[in-house]
Every structure is written in structure tokens, then in C-alpha cells.
């Protein structure tokens, strides 16, 4: 599973950082891009311009009044990139420390001159059949947005396309709307994850009815654990969006309505999540009952068979005794009579079991 | 079951929408009416007028000062209808997006010039013996109400009748009272659903006492799941009604008292719901205990039978041995003595079991 | 049990009401008095007057300034009585609807000119050995109190007596103190119910230690269900009393102190309730453990007996074989040796069981 | 156990009080002192005076401005004592009713001229090895404190000593500090109770690991029940102390800091309590697992023994058949071969069990 | 385990303190340093000075305006040290009482002239493989910080180093930043503890899948208990940091941002904690299921073996009877026929078991 691994490696690094002064930049994740890349997009209603760079340009923080600048950084392991951007935009040391530590909880923090958001991108990796989790740090200033990503996956290509083709409102609105668009696409991807989990739930439920095995139980346990870890990502995101709505100095009213819509989506995601949790708890009961039911049925039939033969075997053993003076043994009719008695005993026991509804 | 299906198909569509600009109109449900239909009802205390249309009239938003206009749209899959209405009444793009996405949670949102409500209609489908869930979007303006429904079921016919026959207060009051009436009838239908669930609970409980089977367990699980999904509909409705009461600019004081009454009904529904949930949890314990009790009883009786015969069978086997020098075998009285010993052993064991209260 | 029945019949009636305009008077309970009766009590510090009537007098709402009028209506199935009183005292249609629908939750609602309370009277029916639940609706005006009861039980006779004999403060104080007195006596009766439940808990606990049976489990389940339903009555009563304390325009300061006392009693009742709930949950564990313990003990002893005899029986069977060349069979001392071996095996096995603490 | 008894007798008395006017003085506990006694302590920074009396002096409420008067009443069954004190200090009838009803929850109530506190003293009775619970009612006026106790135990002797010897701040401070001292000593005694419970928890845990028996389970259940009842005492005490801190008109700032300290102690007690609760819940799981584990082990070994002998016994039985034409019986080597076959079968089965890790 | 021991010894001492006046200094822990030592560090942006002492210097509280003084006391059993410091800095008696009682919950209290913090240092003791818990009391004045520690472990050496080498901001900022640095290093150590617990969780989970034993269950129980006790340390720390942030008169704005960062870390710790708790609860279910599954499998195979042989043994016994007139016995072909019948019976039973999926 992907999650314990991330957690493990993080904890190791964190413990290496114990005692260092706050704001010390140390990259504590795994490198997840081949080459760090910076994309700079400037746009306003009339025009746009896209540049790619491997290093931080000198005048990155000089932005024209009428345009919005979006700086998208892919890869956070090159500390000098982060440091240069931080210096130019006057980011707080703690902000920079959080950006390069990819094990943060989603959060929203207000600093002088900018808002700082941490969110997590969840994507379904088809090849490895697992959920990939990636941290994204977003800086929202009045005329600029800086996003720091761990990987170079194509999740934001659609937004770039909208900017290029001037689709929707994005070119007409400010940096707050750009941040909204980023968050929107991140949250929309959670629905895809939900869908995958929904399918797993259905599959396990089917197994449970048809043929519950110990593997089914392990699958339930794994699913439960996955939900526990996903919850850690999704619950705090709700608070982030909720707080963001109220940041009047960065978010204007029109965008607030859009953020309310995202908030609504998160509530819907959380709701479905909780449903899955309830359903999965119920599954465990079903599993245990099914298994014990199956076992009980086996034991019942088998024990009944043994019980019917026990008195009969006793009788057979009884007349296998070697006493010299056993008068019955000499009576010719004794043998068939015994057979009849044995049959009667068997029938009586079966009837008794039937009446008691044990058969 | 109806609910997973809705969820599943929804999730699929939602994931298709990932990355589209907000406010993009895409119908994400199943078509549930044959023909989309618009009903326009104008009424005031003196008079009323009802028109039906297949297309949106040009002057739909031109309403006389003294009348209330109710526009009831049945079927939400024809996007041009929604778009035209939206343009005429200046609805926000997000409102329109929510209307055509029939997997929303109940919610209340305030936009400029109108309130937007999402609720869910629950109806018992007698033919298919299942609960049907339908989304309804309601726009409440100062002189008009627009309702967008997924199906054309007759749930609102009674309100139409009241308007036509001027029954009750409806003709004397404003658009807020009309919205109240719609919500009232929606919530009243929840009682019908509760009744059905109550009957299921009673039936399962009966089975549980008389003859608990693995099927009973599955029925409990299904019922539990049904409750989980219904909760998702009913809980947020409480918040909707509660918030609606406080919207002073749209709801006047007289109507607020009526909304308080609905709020009270929802609380009552939620209460009964919680009771069912508690009772159902208790059922699981009863089921498990009953099954294990039955099993234990079987095992007990059977094991006792085996145990009584084991020493007797040993004795019979013992005197079946073929040693040449077994003096007992030659004594004529040995055989009847052995029989007596066997009877005594059996009696002692039965008495022992009785004293231990195992029999 | 009494409670499901009430619920069932209620739900049926509620569903019959679906779609009717709000404020439509329909009696949705069972008739629980033989003859509807109205008792009118006028009193002040100096004097009092009691009248009984079958119909509503014309001038019921004309009350002298210095007196308090208490109108006690027993039986709510005669709708014209409710309607007449409602008209005279200008009660809101919703108030009247709630009064005749005897399945309300306890609640407090403020209308123009009066407070409206719903409470439930719980009484122990000795004859039928069950709890009787009855709804009471109370209207508190500045100079009058109207109580609508479902039955004509004698619960309020003690208050009548206090008014007649001028016991306590009741004659010196206003309508608010009268309402306090009514609530006080209703809540005091909950203590009686608690006592009955406490006895049941003790009885079940005794059974549990002495001889737990499947019936004990069913008793626990029934008790649990009873508690669930009682909770539905008692919890909201707390809110009613709490809100009532704060209704300054109807309740004067002196009476508020008394209401605080009632509030305290309800908290005490709820506390004891919660204790019972915790104890009952614990009982289930004890039951299951006791049963499985008993079963295990049986199985253990029985299995040990079988196991001791199994090797012995094998030996007996072994020397019962009919091979011509079995040299042991011819040795005279073989038989006693075999007996000794058998005894030794039995002793060894018993010692082994003893050392393992299985015996 | 002590607690159910108190509850039972209380409920009986409460139900006898049903319908009496509020403020009616009826003693509803058991008499727990031999002779009712009143101790009157007057003190200020310079001097102090202690008087004991059997009856209430006439001028009890006449207190010099510069002194604090502490009236300690031991025994609450003599109603005329309570009544006289109540009259002199103008206590509210409900206060007096609560004082003589020793089954109150801890609470704090503000009346005109005084604060009224109910607390419970918990003491460990070494002789009877159980927790003794005693109600104490405290009246805090500006220059006086009245404490009403059920018993005459020596819990407050240490405070008396401090007053006499002028130890600590007590003589320099007002009535609020005296009340603080009383509460402090009461709460400190809860630590002693905690210690006893901690020892029981340790003892049960030891039993659980070494040799779990059904008695262990009963001990867990009893302990759980004890915790439930203690919680009823300790939780509300927290609220009492918390509210008391905020009563500015009776508690001056210096004393508030001391009360904050007590509050801290209660939080600590509650914390430890919750820990015990969690540990005890865990114990139940351990118990059930241990018992079932032990049982399983027995069943396993025994069943394996039986299973090994079953095929062997069949073979022995097989060659015990009396067919005339069984050629093997006549072959001299058949007998030793059969013995070898039997040994091989036994070995194979043992190896099979070993490989499956059942042995 | 380390925790019960601390608790036990504490409870003993606390109960010895019952009845003593508040503010009485009694050391209630175990002595955990060999020699009590006081380190005095004075620093400002330009310079610093470090002194060590065994006794409290006379002028400890005389601090230059421009410097920050940090007094670090290691060992709290020498009461005269605490008393002298208390007198010089005018600490409240309750503060001093709490400092020498090393069983406090983390808390923040505001006194006149200083803030008082209690926190707990958790360190992993490699030698004894257990968590060591140590109380630290911190006094934050405007120009000084006093820390009282139980042990002399080197946890704060890194901060001393930063002061000496002027690393980071510490020398440029005030006493509040020093307190922040102390808390930061304490909280960072919790991550190390988390890492250890994470490893234990992984190890137990592995055992659970491979070979669950009763020891695994005990390990789960111990881990659970450890989490319960750690929670007691970590939860209240959150409140301490949260409250500290809002203490405007001692904490200036720049430091508040740093405290917010610590708060964030604690939330992250608590999150991971809760995850572990959820995972551990799930483990118990897995354990129980695995064990019962293994047991069931044994019982199933064994019972099936017995059942197959029971009818066969009966047949063998049957033809071992000694009746004179058993015609089958004389028929030469009867013996092989019987063998064939026995084989057929065995095959039928195996097929039956297979079809029922019991094999």
C-alpha cells in the first residue's frame, strides 16, 4: 500500500530534523520528477504568454498591474529554486519549510502579503492499481499564484488549455479565480478515487455473499485502512476551503460563490465516504456471521451422523462380546430382530432431530 | 437496491466532468420522463391561470405585481429549457449546473435575487417494492417559484388542486407559502417511507424470534444500508428547513411559523429513524445469540448422547477381546451382571448431567 | 409492548394526512376516554370556583383580571371542542393540529399571545404491567392555562386538591406557577417509571448470575427497546423546561427558580437512565460470556471423558481381532497385564489433563 | 454493592413524594448519625471561637462584620434543625428540600443572598471494603458558610485544625476561601478512591494473564458498574467548580486562582478515570480471547487424539469381523504387518498435523 | 510498563498530601538526577554568558533590560532551590506546588507577572526499550524564562548551541521565542516516539498475517494501553500551544506565527495517533477472526475424518457380532462385497462433502 510507505519515510526524515532551527530548508520526501521545471504563465483578458525555465528568472516578482502571473513549479527537491522564489516574493521561512516537506496536512495560513495553502492531489495510478498522493503548495498573492508540485503529472493541463483558448471566465478574472480553478480540479479528482473505492466495496460485498474467505477479511481490513488514510487528506481540505471563502482581502465576492460550490462538493465526498465506512463496518459482521454459519452447518450435519451411529455401534459391540453364556446369541431369530431394532433406533433419532428442527 | 445504482452512475458522470470549467451544463442523470413539460401557474386571491408548454415562453419572467407565478418543470435532460429559464430569471451558472446534476445533497443557497433549494423526493414504488429517490431544485424569488423535477409523478397535484379550489390559505399568501407547501408535501412523504421501514423492522423482528436464518441477517444488512442512504437525504433536509426559516428577505413571519412546524416534523422523522437504527443494531446481537444458542443446544444433546455410550462401548469392546484366559467369560452370571453394570453407569452419568444442569 | 403499537397506528394516520393543507384538524390517535369532559377552575388568593361541562361555554375566554383560569380538557377526539376553544382563545391552526395529533415530541413553541407546550405523561399501568404514554398539550396565556389530555386519569387530582385547600403557594401565584405545578407532577411520575425499570434491571441481573437463558436475552432486548422509546420522551422534555425558564414574558422570576428545580430533576432522571443503558450493555456481554462459559464447561468435561476412553477402546478392539496367529492371546498373564496397561493409560491421561489445568 | 442500594431506597422515597407541593421538607435518606450535632466556628485573623450545640441557637445569623462564621451541621434527619437554620438565614424552600434529600447530583445554584452547592464526599471504608458516598450541602454567604453533612466522619477535622493553629492562609481570608478549603479536601479524597480503583484494575489484569475465570469477568463487570456510578459524582463536580470560579460577587480574585487549581485536579481525576474505562473495556476483549483460546487449545489436542485413533480402531474392528472366509486372518505374518501399518498411519497423521501447524 | 508505575507512585503521594493547606511544597516524584544543577544563560544579539551553579544566586531576578535570562533547573527534589527561585521571582504558591509534583497534565496558567506552562518531554530510552516521560515546568516572564526539569538529559543542548553559535533567529528575539524553541524541540521529540509506535504497529500487523498467537493479542493490548497514556500527554499539549498563541502580552506577533507552526505539528501528531488507534482496533478483529478461522479449519478436517470412519466402524462392529445364525458370515463372497460397500460409502461421503464445499 502506498500510504504507510509515505508515512514511514516521512517520520524518518522528520526525526532527523529534530533540533534544527525553524525555517531550515531540508527536502524530506522522495524525488518524484526527473527534471525540475518552472512554468510562468502571464495572462489578462486580452492576451497571454507562457514561458518555461529550468532556473528562477531574476525579475519573477515584477508583475504588470493588469495581468495575473501563475508560476507553476514541478519538483521541490532543488532547494535553491524554492529559496530564490521565496526571496523574491518575500515568503516566510516557515512557508518555505512546509513547501519542501511533502507530508503536510492540508491547511490554510495567512502571512503578510499572501495566503499559503497546502492541499493533496490524489490520482488513481492505473498501472500500479493504487492511489498516488502528491502534495501541492499554493501561494496566493493579489496578482500572482505560485504552485509547488511534487510531480509533473498533467492534472493542470486542462486549466492551461482554458487560459490559452480563453474558455470560461478564467481570463476575465483575477488570481483568486485561478486558485479556485486549481482547487476545483483537485477536488474533482477525489470523485474519481471515490468511484474506485465504490467498485472495491461492491466487489467485496459480492464475495461476501457468494463465498466469504479469510482473504475477503484481509481485503476489508485493507480497504478500511485506505479509508482511514484518505480521511486524513479529505477532512482537513474541507476546513481549507471553508476558511478560504472568508478571506475577503484575497477572494472577491464573485469567486466566493464558486468556492461555496467546491465546499459543497467536499461535503458530498465526505458523505459518501462516511457511507462507505458504515457499509464496511457492517461487512465485518456479515463476514463473521457467514463464516460461523457455514462452520455451524458442517458441525451440525457431521455430529448428527456420528450420533445416530453411536448407539448402533454400541449394540454391535455388545453382541460381539465373547461370554460363553449369552442366550440371545443362540436364538436364530435374534439376528434379524436386532437389525430391525437398529433400524428403529436410527429412525427414532432422525425423527427426533427433525422435530427439533436440527435437520 | 436503488441507491448504489444512482450513486454509481453519478460517479461515472462526475468523473467525466473532471476539468471542465464551472457552470458547464451537462446532464449527469438518467432521463426519467418521456417528454419534458413546463407548467405555468399564475394566481392571486381572486383568480388563477394554468398553462402547459413544451418550450420556454419568451416572457416567462414578466410577472404581474399582484400575482404569484409557479413554473413547474418536469424533466431536466433538455438543457436548452434550463438555459432559457436561467437566462430569463438571471440564474447563476452554478445554480443551473446543480439543477441538471441529479445527485446533489439537499442544500439551501442564497444568490442575488433568489434563494436556491435542493431537496429530494422519496416515494414508495409499489410495483418494484423499492424506494424511488428524485431530486427537486426550487428557485424562490419574491413573486415567483420555479421547481425543476426529474420525473412527472403526481406528488404536487394536491397543491395544484388547492390553488384551483382555493382550499386553505395558499391563494391568499405569497411565493414563500407556495415553497412551504411544496416542502411540506415532500416531508410528509417521508412519513410514508418510515412506515414501510417500520413494517420491515417488525417483520424481521418476528423472523428473529421464530426462526432466525442467514437470510434474516442479510435482510438486516440491507435494511441497515437503506437507512444509511436515507439518512443522507433526511439529515441535510433539516438544515435546509432550519436555514430557510431565517431568510427574512424572502420568508415573511406568518410563513416562518409554518416552516417551524415542518422543522418539527423532520426532527420527529429523525428521531424515529434513530430508534430504528438502535433497534436494528440490537437485532444483530439477538441474531448472533439465537443462532449460537440453537447450535449450542444441538451440540449439547448430541455430545451427551455420545458420552453416555462411550464407556459402555468400551466395556462391550473389552469383553469382545479374544484372550484365551479371560475367566469372567466362562462365568454364567457375568453376562447379566455386566448388563446391570452398564445400566448403572448410564444412570449415574445421566444423574451427573442432571445435577450439573446440563440436561 | 405499548410503544410500537402507538407508533404504528400513528404512522398510518400521518400517511393518510399527506397532502392536506396545514392546520386541517384530523384526530390521528385512538379514543382513550369514554366521554369528553371540560373542567374549568377559576381561582385567586381569596376564592376558587370549579365547573364541569360537556360542551365549550360561550364566554370561556372572558377571564377576570385577578383570577387564574385553568381549563382542563380530557379527551381530544371531539374536534368541535378543540375548534371552539381555539377560536375563542385565538389559537394558531398549527397549535390545534398538534393538539389532536397524539404522537408529538415534547416541544415548546411561542405564538402570539401564548406559549404552547407538548409533554408526555408516563404512568405505570399495574393491571397490564406496562408503561402507558399519554400526550398533554398545554396553552399558557397570561391569565389562563388550557391543558388538553388524551385520557381522564387522576394525575392532576393532587393539584386540584391544592387549589381547593389552598395548600402551598399555588393560590397566591399566577398561571405560570400552575403550569410549573403540572410539569412538576408529570416529571415526578417519571421517577416512578424509573423505579420500575430499576427493578427490572435488578431482576434480569439476578437471572444473569444464577441461570442465564435465552429468555433473559429477550428480556434484555425488550428492556433496551423500552429505554430507547422512553429516551424519546425524556430527552426533549429537558429542552422544553430549559427553554421555558427563559420565556420572561410569561414566566416571572419566582417561578423560574422552581423551573430550575424541575430541570435539575430531569437531569437526574437522564443520568440514571444513562446508567441503566450502560449497565444493560454490560449485561449483554455477561450473558454471552456466561452462556459460552457454561457450554465450554460441558464440552470440556464430555470431551475429556471421550478422549480417555478412545485409546482404551482401541486396545480392546485390537485384541478383539480374529487373526489366527496372535501370540499374546494365548499367554495367560496377558489379560491382567492389558488391564493394568489400560489403567495406567487412563491415569496418565488424567494427570496430563490435570497438569494442563483442563480438569 | 453500595450504590444500587442508595439508588433503590431513594427512588422509593422520591415516588412517595410525588404530588406534594414543592418545598415540602421530607427526609428521604437513611439516618447515618447517632446524634445530630451543630458546630459553630467563628474566626478572623486575630481570634477564633468554637461552640457545639444540639439545637439551633436563636442568634445564629447575627455575625460580626470582621469574622467568618462556619456552621457545620452533622446529620440531616432532624427537620426542625434544617427549618430553623433556613428561617434565620432566609434560605429558599427548594434549597432546604435539596439539603434533606441525600440523592442529589452535585450542582451549584445561585439564590438571593447566597450560593448553594451540593457535592458528594467519597470515602473508602476499610472495614467493609467499599466506597461510602455522602452528600454535603454548602451555603456560601458573604460572611458565613453553612455545611450540611449526612454523617459525622472526621473529614473536616484537618480544616478545623488549620483554623485553630492558624496554619496557611485560612484565618486571613474570607468565607469563599473556607468553601474552597472544604471542596479541596473533598476532591483530594477522590484521589484516594482512584488509588483503590487503580489497585483493583491491577489485580484483575494480573488474574487475566495468569488464570482467567468467570469470576474475573464478574469482577470486571462490578468494577465497570462502580466506575459508572462514580462518574455520576465526579463529572458534575467539574461543572460546579467551573461555575463557582465565575461567581464574582461571592468569590474574590485571590480565591479564584485556588479554585482554578481544584478544577485542574478534577480534570486530572477525570483523565485517569477515562484511562481506567478504556483499560477495562480492553480487558473484556482479553478475557474473552483468553478463555476461548484456552478452550480451543483443549479441544484441539483432544480432537487430534481422537482422530488418530479413529482409523486405527476401524482397522481393529475390521479384523474383528467373523466372516468365515477372511484369508488374511490365516496368514501368520498378517498380524505383525497390520501392527506396522497402524504405526505408519499414526505417524503419517501426526506428521500431517505438524505440517499444518496444528500440533 | 513505565506508565502505570509513575501513576501508582504518584497516587500514593497525592493521597499522603490529602488535607494539607494548598501551596505546601512536597516533592511527590522519584529523584531522577544525581545532583541538582542550575544553568543560567544571559544573552542578547551581541553577547551571551553561561553560568552553572549548585545553589540559587542572590540576584537571580535582577536582569538587564536588553538581555534575556534563561534559568534551567535540572532536578526538582531539592525544595529549597524551588523556594528561593519562587521568592525571588514572586511565583504564586500554587505554581511552586505544581512544579515539584511531577504528575501534572500539560497546562497553561496565567499569573500576575508571568505565564506558567507544564509540558511533558517524551524520550525513547534505547537501553530499556521504553518511553521515558518527564515533566517540565516553564515560567515565561517578559525578560526571563525559567525551566524546571526532572532529569538532566541533553534534550536542550541543541538550543544552547544555537544561542552560543547565534544560529537562526534566537539571539535576535525575546524570551517568548526562547519558550517557542523549547516547546518546538519537545514536540519534535514526539515524532520520534510516533516512529517507534509505527514500527511496533507494523511488526504486530506482520505477525497477525503470518502466525497470530495469544502473545500477539497481549502485544496489541499493551500497545493500546501505551496509546491511551500517550494521548493523556499529547491532547492537552494542543490546548497549551493554542492558548499560548493568544497570550498577546507575553507573545509578540512574529513568534505567534511560529507557535501556529507548532500547533500544526501537534495536529499532525494527533492525526497519526488517531490513525494508529483505528488500525489497532481493526487488528483485534483480524486477530479474533484469524484464530477462529484456524481453529475452524482444524475442527472441520478432523471432524470429517471421524465422520467418514463412523459408518465404516459400525459395519465392522456389526459383522463382529457373535450370533450363531448370521448367514452372511458363511458366504465366501460376503467379505469382498463388504469391502467394496465400505469403499463406496467412503467415496459417497467424500463426494457429498465436496459438493457442499466442506472439503
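Lettered A, B, C, D and E in written order, each chain numbered from 1.
As a working rule, a residue touches a chain if its C-beta (ideal position, glycine included) is under 8 Å from a C-beta of that chain, and two chains touch if they have at least 3 such contacts.
On a predicted model such as this, the values are computed, not experimentally measured, just so you know.
Listing every chain that touches chain C and chain D alike gives an empty result.
Chain centres here are Cα means. That of chain A falls 26 Å from that of chain B.
Chain B and chain D have Cα centroids separated by 43 Å.
Counting only residues that touch two or more partner chains, chain D has 292, 299, 303, 306, 313, 317, 320-322, 326.
Taken as a graph of touching chains, this assembly is arranged as a ring, one closed cycle with exactly two partners per chain. Think of the chains as beads on a loop: from chain A toward chain B, the beads read A, B, C, D, E. Of all the residues in chain A, the ones that touch chain B in their complex are 158-159, 162, 167-170, 181, 184-185, 188-189, 191-192, 194-195, 198, 202, 209, 257-258, 260-261, 264, 267-268, 271-272, 275, 278-279, 282, 285-286, 289-290, 292-293, 296, 299-300, 303-304, 306-307, 310-311, 313-314, 317-318, 320-326, 356-358. In the complex of the two chains, the chain C residues touching chain B come out as 4, 7-8, 11-12, 14-15, 17-24, 92, 94, 103-105, 107, 109, 111, 211, 214, 217-218, 221, 224-225, 228-229, 232, 284, 287-288, 291-292, 295, 298-299, 302-303, 305-306, 309, 312-313, 316-317, 319-322, 326, 328-330, 332, 334-335, 338.
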